[in-house]
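Below is a structure I'd like to ask you about.
Labels run A, B, C and D following the written order; every chain starts at residue 1.
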Amino acid sequence: MTLTVGVIGAGRIGKIHVDNLRGMSQVRVKSVSDVAVDHLEEWAKEKQIEVLTTNYQDLLTDPEINAVFICSPTTTHATLIKEAAAAGKHIFCEKPVSFSVEETEEALAAVKKAGVKLQVGFNRRFDPNFRKIRELVQNGEIGTPHILRITSRDPQPPGIDYIKTSGGLFMDMAIHDFDMARYIMGSEVVEVFANGAVLVDPAIGEAGDIDTAIISLKFANGALGVIDNSRRAAYGYDQRLEVFGNIGAAQADNNRANTVEISTAQHVSKEKPLFFFLERYTQAYIDEVNEFITAILKNKEVICSGFDGLQAERIAKAAKLSLETGAPVQLPSATPSAVIY
Amino acid sequence: MTLTVGVIGAGRIGKIHVDNLRGMSQVRVKSVSDVAVDHLEEWAKEKQIEVLTTNYQDLLTDPEINAVFICSPTTTHATLIKEAAAAGKHIFCEKPVSFSVEETEEALAAVKKAGVKLQVGFNRRFDPNFRKIRELVQNGEIGTPHILRITSRDPQPPGIDYIKTSGGLFMDMAIHDFDMARYIMGSEVVEVFANGAVLVDPAIGEAGDIDTAIISLKFANGALGVIDNSRRAAYGYDQRLEVFGNIGAAQADNNRANTVEISTAQHVSKEKPLFFFLERYTQAYIDEVNEFITAILKNKEVICSGFDGLQAERIAKAAKLSLETGAPVQLPSATPSAVIY
Amino acid sequence: MTLTVGVIGAGRIGKIHVDNLRGMSQVRVKSVSDVAVDHLEEWAKEKQIEVLTTNYQDLLTDPEINAVFICSPTTTHATLIKEAAAAGKHIFCEKPVSFSVEETEEALAAVKKAGVKLQVGFNRRFDPNFRKIRELVQNGEIGTPHILRITSRDPQPPGIDYIKTSGGLFMDMAIHDFDMARYIMGSEVVEVFANGAVLVDPAIGEAGDIDTAIISLKFANGALGVIDNSRRAAYGYDQRLEVFGNIGAAQADNNRANTVEISTAQHVSKEKPLFFFLERYTQAYIDEVNEFITAILKNKEVICSGFDGLQAERIAKAAKLSLETGAPVQLPSATPSAVIY
Amino acid sequence: MTLTVGVIGAGRIGKIHVDNLRGMSQVRVKSVSDVAVDHLEEWAKEKQIEVLTTNYQDLLTDPEINAVFICSPTTTHATLIKEAAAAGKHIFCEKPVSFSVEETEEALAAVKKAGVKLQVGFNRRFDPNFRKIRELVQNGEIGTPHILRITSRDPQPPGIDYIKTSGGLFMDMAIHDFDMARYIMGSEVVEVFANGAVLVDPAIGEAGDIDTAIISLKFANGALGVIDNSRRAAYGYDQRLEVFGNIGAAQADNNRANTVEISTAQHVSKEKPLFFFLERYTQAYIDEVNEFITAILKNKEVICSGFDGLQAERIAKAAKLSLETGAPVQLPSATPSAVIY
């Protein structure tokens, strides 16, 4: 059986999904829409895209298309989800679902009503290192989790224009870590306390954002957690995670381009971490798409649901409020439907 | 020139200091006092201690004695410091100086007035790993520090009786980490937010303490920091530290008894971290005493002063208050005299 | 421009090449031949192979086909190379070129006469770890090489039937290491001394082969080298290499499926090496095909030539002779055309 | 009970033994002899040496002295052993016992006749890394050993004058590795093939020695081994060892002064190996003396016997002969008394 797919938004991440989808024998990438398409014509031809359009409605009204990938700016996500759901399309949506918990809830309601599948693009859930850690936790190999530590630092900040519309560090960058926290711990976050600073670039502060943060978490199961973020690590993309439990601990280190160690009169050195998300999460981007397609074809639960998207947004909102008020912020305990293991 | 030393309190740490002092050719360990000495007679003979007494005044009134090591319970420290200072003895005092900032301030005033040296027993400052990191920071090799991360976990909790009189996790255990934070960052802590939990042993909670903590810090220089603590790490004493700056990062891993790696059909494994502080900080205990003696003989500044002891206590108090109130707690910025670089 | 390719021999490695070739937009995999094809029909259909035949001549006579991949048994390689060269096809041939230096020389002469390209399948040259080491050596970052150490151990021996026709450990397995030795050192091997033993499985000995070896090498540039081989490493495929020079050393460690480290009361453990060549050299298999296609399209030198194949065979022969005679065996110094940097 | 000790030869290693012996409460270092003593007077006073003499006979005739440490040049060892044994003294002798297998055999016969203990100074047997590996092998944790790999490289060559009287690289430097090979494998070496080269310094070649070597070994139990040596590793003292068996492998890495890892825009780096034997084997030097003293006090077997010294010399001789003849050299299988486990 073949699944026909359309992609809305052909920026960097949209193009990656096209490549990964084309590598799957059960998938036909038929259509791509974007607000402007002239610059995409050559690319679309090379990728054998059949329909290239400025009107995303062309995808939603195409009865051949089974699923759409929403890779347009965040402000369009909720509307597109609602329309795609109404059109009966399965949906893969990049993170975050929206900048507003209410909008996200509405979008999820539309998905539920339509009975289509929605997967949110928290690609790191598919990273082999973090998957292994989740597996260890689930299998009880470290016992009851007590402490979670996430280090998540970008190699360089985005442009100031991007910063201004990004929703801020918590919603744009740390949201991946908030999702990872829930995913690894198998428990909801019930309290957030955030410290933030502008240490990387004053222009980020002038744009109303921070570039450095440490976020303390409390989980429903009683465990504690902490995330540290920076918009610029001189040595590259730093993506580490550690979970400490009553019978052991597991930690994931960065990935490197090779295993070579060089010893000289000065020091013993090895490669830096892989540069950024495209290099580090190459396999994760392939696997997240693969598993979304598989979830549709075999009618299974997606690994990263709309609810997961919603919960990460709630934590991001709480972190922002904590930063603004200088006080910890409580989140409601998850309802039974929120049990994530 | 030879320095004559007396040791007040011959428990585990007092005996270690005796051994390390005896290894120094410029030092004569003449006298030891403890509340009871019968059980110490054989030990004292073997160590060639000339005076073994239940009265610490015998040490303070002995004109031959140049310096005393205060290794008795914390509740006695401040009084002993004041008396020893009045007697003109140089003082090495185990941490913490006291459970009360006021008492500590009084003790420091007495030391200042007497013009004697006071070194506080923050042994970790002398650990080769942490020293190297401080050196890198001071030399600017990681640039301006942005983020500090300390992991400090014991292999097993002390007995409940000890817990009850310990001053609590922050004053008893994390105080080392508070000192390390100031030492590494070269900047005072100005805000503390502490999360705590009882996850290791309910009896610790019943004794009014916590056994697991994550403590967020803000520094006077604008940097952020975080400490995570547990009273029980299944795999042994976990003492790691990382500082992240604008041009690089430095991290210290645990020490192990050997470098052997074993590969089998199951996995690739290596030794656990060295068991506890006696194993991990063997060299640090030697070096802290060595440098105290050197500071006296060469009339140099001690590496870990009474003011350092006071500041760590203030952070511990603030952490406790934060835990009790559920809110961050501000500390006064350090006075000029507090500049620690 | 598109290159049309045929594959002779659709066993495990032939199929891998088909997959990797199909991932290249400039390549059309038109034809596949094998001695029997019934079991291949479904596979060929899925892979969109246009011609599936039992007669490899169908590929050589097809004017559309620009290049052939020879993935049939070693005993057929030399003949196929000669016929393919005569038909004007570029050739990718799996290692070894043949079991006979003379046959290989004849095949190379035919290639030279025809003016086609021939690349030999020493896939490890394309491994990111070993490439990095070669690059370091070439750039002088370790200075003049003095010592080369290669560890090359398989996770499990092949079947005894395979062993019997494999040409023996040196020709079948260590030949990769002989090629790597020349590639890394940029100098020819001039003397070989081999120790061998049957320690893994007596049946290997009964089949006339060894399963464990240590091979000492001397290079034309005066450096020394050593290779150790085993047919069975309990912990998986062990592929390490170290080169030691007058200003430094570089060593390549194994690759693992993830970076997770687990600490428990027993030990600190990590993943075993990736299981075998398919897992370890996934990227190398892609890159070797990529670079062969590029060499044709851009008319560049191939990275692993027929001469390289010949030299590795000569070393394998010398190693076998050394094992049989119990004495070191000299190889002729390479002619000027053999300079490999 | 106290043991009274005399030290013959107060060069670098003699002085280290004095320090380590003085750290033991059961030992009194009474006497030191050397060919000249004027420059030693201050040192001897500081170390509380009671007798400082140019006549080693003063030590052998002193009835108080129970044991002597022979730390004089190798050419004097055999004679001193014989005389000390005749005087009924227990003997610790630096390696090698002599440059002549016959002389060594005579010395061992004298020791046997006198019934005193003789320990040879193969300090590496006491290194925590290598001890752990031996323990793993003995406990069967890697199964039957198949392959042994030793890397042993000095940070810098000794002076040419020393080279000339050193007995050559095999007798002076690799002899430690020959002993380690027997110790780890628990089996005698039965064949040696040595390649050698002058790559570090032509002056070493002019002095009749080599500075780089790869030595292939066969063991009585059928296993194979290899040692690689260099007189100069730019990055410091390189002392690694790996043993590969049928159910696993164990490898010992170098030791470093701290565990700090530094990440910058250039690379990720850590400390070089500890500089040379004094830094790397500090603990081993303490332990070898400790265990010698314990062997005397408790009348136990020494860990490194005269026979061990003899066997290592035999291998060194065989390696030299192999290098000279360009052929492998057989050693007689060990007699039953040679069983070393």
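Convention: contacts are C-beta pairs under 8 Å (C-beta built on N, C-alpha and C of every residue); 3 or more make two chains touch, one makes a residue touch a chain.
Small disclaimer: the values here were computed from a predicted structure and weren't measured.
Student: Count the touching C-beta pairs: is A-C or C-D ahead?
Tutor: Output for the comparison: C-D.
Student: Can you spot which of A-D, B-D or A-B is a repeat of the B-C interface, where more than half the contact pairs line up?
Tutor: Answer for B-C: the repeating interface is A-D.
Student: State, to the nearest whole Å, the distance from the C-alpha centre of subunit C to the C-alpha centre of subunit D.
Tutor: Each chain's C-alpha centroid was found; their separation is 42 Å.
Student: In angstrom, rounded to a whole number, how far apart do the mean CA points of subunit A and subunit C lie?
Tutor: 40
Student: Which residues belonging to subunit A are in contact with no fewer than two other chains?
Tutor: Residues 233-235, 238, 247-249, 263-265 of subunit A each touch two or more of the other chains.
Student: What residues on subunit D touch subunit A, complex-wise?
Tutor: Where subunit D meets subunit A, its residues are 233-235, 238, 263-273.
Student: How about subunit C: which of its residues touch subunit A in the complex?
Tutor: Touch residues, subunit C against subunit A: 23, 25, 46, 128-129, 131-133, 136, 141-142, 247-255, 257-265.
Student: Which bits of subunit C are touching subunit D when the two form their complex?
Tutor: 143-144, 146-147, 149, 151, 153, 191, 193, 195-197, 199-200, 212-214, 216, 218, 222-226, 228, 230, 232-235, 238, 244, 246-249, 326-328
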